[in-house]
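Shared between the two complexes below is chain A, which has chain B as its partner in the first and chain C in the second.
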Partner chain A sequence: MVAPHAATPSLTAALAPGFADPVHDAQRCFRALMQTMARPGTIQAYANETIAPPTPLSRTLAALALTLIDYDTPIWLDPALAQNPAVAGYLKFHTGAPLAETPGDAAFALIGDPAALMPLSNFNQGTLEYPDRSTTLLMHMQTLDAAAQVTLEGPGIKTSQPFGAAPLQPMFWDQLTANNAQFPRGVDVIFAGATGFATVPRSTRITKTEA
Partner chain B sequence: MDPHSESAKMASGPKPTPPSTPKTARQQAMALLASADPAQLTEMVDALPVSTAHEIVRPAETGLVMARGRMGGTGSPFNLGEVTVTRCVVRLSSGEVGSAYTLGRNKQHTRNAALCDALWQHPAHTVVIDSMIITPLAEMRDAARHLVKAETAATKVDFFTMVRGDD
Partner chain C sequence: MSAHPDTATSPDEGHYNFAYLDEQTKRMIRRAILKGIAVPGYQVPFASREMPMPYGWGTGGVQVTAAILGADDTLKVIDQGSDDTTNAVSIRGFFEKTAGVETTTRTSEASIIQTRHRIPEALLTEDQVLVYQVPIPEPLRFLEPRETETRKMHALAEYGLMHVKLYEDIARNGHIATTYAYPVEVNDRYVMDPSPTPKFDNPKMHEMAALQLFGAGREKRIYAIPPHTKVKSLDFDDHPFEVQKFEKPCGLCGAENVYLDEVILDDKGGRMFVCSDSDHCEDRRSHGHLGEMAADPAASHLASTGEERA
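Up next, the complex of A and B:
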């Protein structure tokens, strides 16, 4: 008889539980995400306690990833997430998504450390014929209710919506302003906090708050 | 694999029969668990003297898998049709990950099969699982096969040469 061997540590971590109730958990997450996409800059409460992704992938980020990603959507992990191979293994196991070689090939980019984010122009901006092919950024944030850094205006916002998140790269809001100016092309950004998420889609106009 | 020998094989006329690699003990155990009678497997798992505490990594889910075949076992592959398959992955607290794919929609059966696969990989439980589940299942399967063979053999008709009456 072949001697059974214990699973290797990285494999064990990669095979951490995903959604306990895949259909309804994903629908609940998607509903909250849709709500915040429709109201840019507002924070939608979302928490999933059963999901147990390998560090440094946060629960909210993992829930978003399991909701949005499937075998058809190449993903890109930033160096902070890629340093633990268990993260890629976890996402591959639960979603079947291929890993993109460059950020420009990715449908979704998972950012574990937004303070070290590369320029947004490196991601897929979509084309005028197919603006839907751009990358969607899922960013792991420490806080979503930081002091307002920007004022948002545009579709889904009645007058204006103050928004601030941390940590962010110093030039981030300038880059995102330039990104949104090329509408309908450009990336969409989802900020995943510990207890909820907020979005700034490319249709939103951004004004930096005078500090 | 040596690329040259591979291309040489590919070039030599009809495709060779896929080599029948000997199945590992785990593969054999997983196949037995997947084809076991669901009620029987539940009874066996309930009777296990070891802790069956586990967490669900991937809850049992049902989907379709395209079954493919080869004409005569050697022809080029063709799509036979889609079959319903349920899969499940569980993990023991000690870290062993067990998975199961079973035909049909019986989620309880799939969970039990995955659990047995995980326990089988645990060094301390392998002997118990082998003696209480795998071996009895193998015996039952062989007995069922023999029964079908015997029943079929009983209906065999021998066509012996008869003398025709046209002399």
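Up next, the complex of A and C:
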């Protein structure tokens, strides 16, 4: 541990501002998230200019983390986020969430580099008795309005919903199709863009758009 | 406490957090809601808190509403379709006091509608959320008391027991005699209790544009139906699902194809049937629809002058 008087860069980064108004900021973030979870593939605008998470944690991803996690939810950081210890420090300071030893132990997995995402089967898939115990993935995306890569169908979607996000690991949509096939088990994925987010929960059926 | 003029009336400055619950509780409920939406019809266990009202008065619905409610929401609360019954009035007052949100009785103006045992007659929109108060969330509970067994049945989608129950209804009564809390199958997977709504309301759940959330406080379960989701009432090919039919329209507004309450008028067998959805009934009457037992509008001034004299 650093001495109390030594204001190291990682310590000041850990103490960087979270929500300015924890009650209403978290509520606004959650409502937008609930809307997109209930309507898979639609993009909900969300921006919070006051929080200042350490790089490479994006503002949207940090807002989602502050909204969802606390001491009840072990989190897992992918190597891109783990390389800067200030990220873990920031989340620990604001939420008290313990770091999971393996991705399979995590309630939430924060993915800083989705292009290098490990296979989804590494995360907790839940059980048939308790499908709610699976991991939820929070992914830092550069763009959410990429050309449609997939067509989504299922609960929350009236007919069908085109969706695309970038960057993604090449086999990602195949893995997510397999994820849906094991419903009600499986992970839920939240895509955090720069100005909003979208989700694809496990209940969504995925058809890859012909290139 | 200093009586600062700017903050004295702000609900945030009172003794409770916004919408009563603390933030950690809200986060826990919010996580359960998200899981419920991701697995439609599955009952997510959650750490239900004690609320300042007894179990059975909507503690589950209140916790769900408190977790999703924002300062810019407009809340409507109904109890058996009515805005002015005890449960609805007290829960509306609870959120006015602890959250300071706008409340309304108009279905079309509400962004969140908390309900006990009815679905409004008016079609709900994409922008609305319907929160149900649920007493017994487990549809199989009266058939199998063991939680370990019902959990296994849901895991394996083994719902034969429920079909046997409905079959026994037919064997004894000639028809499916379940009239409320009529079990539904959500998204072709989970059998779910729609809470004790009359089965009249079951077809409204199918492909509803609004998000539906269910909270059971004593039983500590939250579940959900996303918008535009298939909700099928269980039935048999030769005994298809049917809703109640009423012989007469509403006595006050003349509405047909709505759910009616029976009101006893005297001890000589006098009765009338009126809309259970009070807002729907008022809205129709304000648009000039009159049932056969509605007061003559021309006579309304007599009633008001009579009150003033009394």
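One rule holds for everything that comes next: the second predicted complex is superposed on the first by the 206 of 211 C-alpha atoms of A that agree within 3 Å, B and C clash if a C-alpha of one lies under 4 Å from a C-alpha of the other, contacts with A are read in each partner's own complex, and residues count from 1 in each chain.
Everything that follows uses one rule, which is that a contact is a pair of C-beta atoms (placed from the backbone, for glycine too) under 8 Å apart; a residue touches a chain by one contact, two chains touch by 3 or more.
Everything numeric in this text was worked out from a predicted model, so none of it was measured.
Contact with chain B, but none with chain C, is seen for A:H94 once the two complexes are overlaid on the shared chain. With both complexes placed on chain A, chain A has more residues touched by C than by the other of chain B and chain C. In the superposed model, A:K158 makes contact with chain C only, not with chain B. By the document's definition of touching, both partners, chain B and chain C, reach A:P22.
In the superposition on chain A, A:P131 makes contact with chain C only, not with chain B. Look at A:P201: by the touch rule set out above, it reaches chain C but stays clear of chain B. In the superposition on chain A, chain A positions 22 are in contact with chain B in one complex as well as with chain C in the other.
Across the complex, chain A meets chain B through its residues 1-7, 9, 11-12, 15-22, 93-94.
Taken together, the chain B residues at the contact with chain A in this complex read 24-26, 55-59, 61, 89, 91, 94-97, 120-123, 126, 130. Listed in rising order, the residues of chain A touching chain C in the complex are 22-24, 26-28, 30-31, 33-34, 37-39, 67-70, 72-73, 107, 127-132, 136, 154-158, 183-184, 188, 201-203.
Of all the residues in chain C, the ones that touch chain A in their complex are 12, 17-18, 23-24, 26-28, 30-40, 42, 44-45, 67-71, 151-152, 154-156, 187, 189-190, 207, 211, 224-230.
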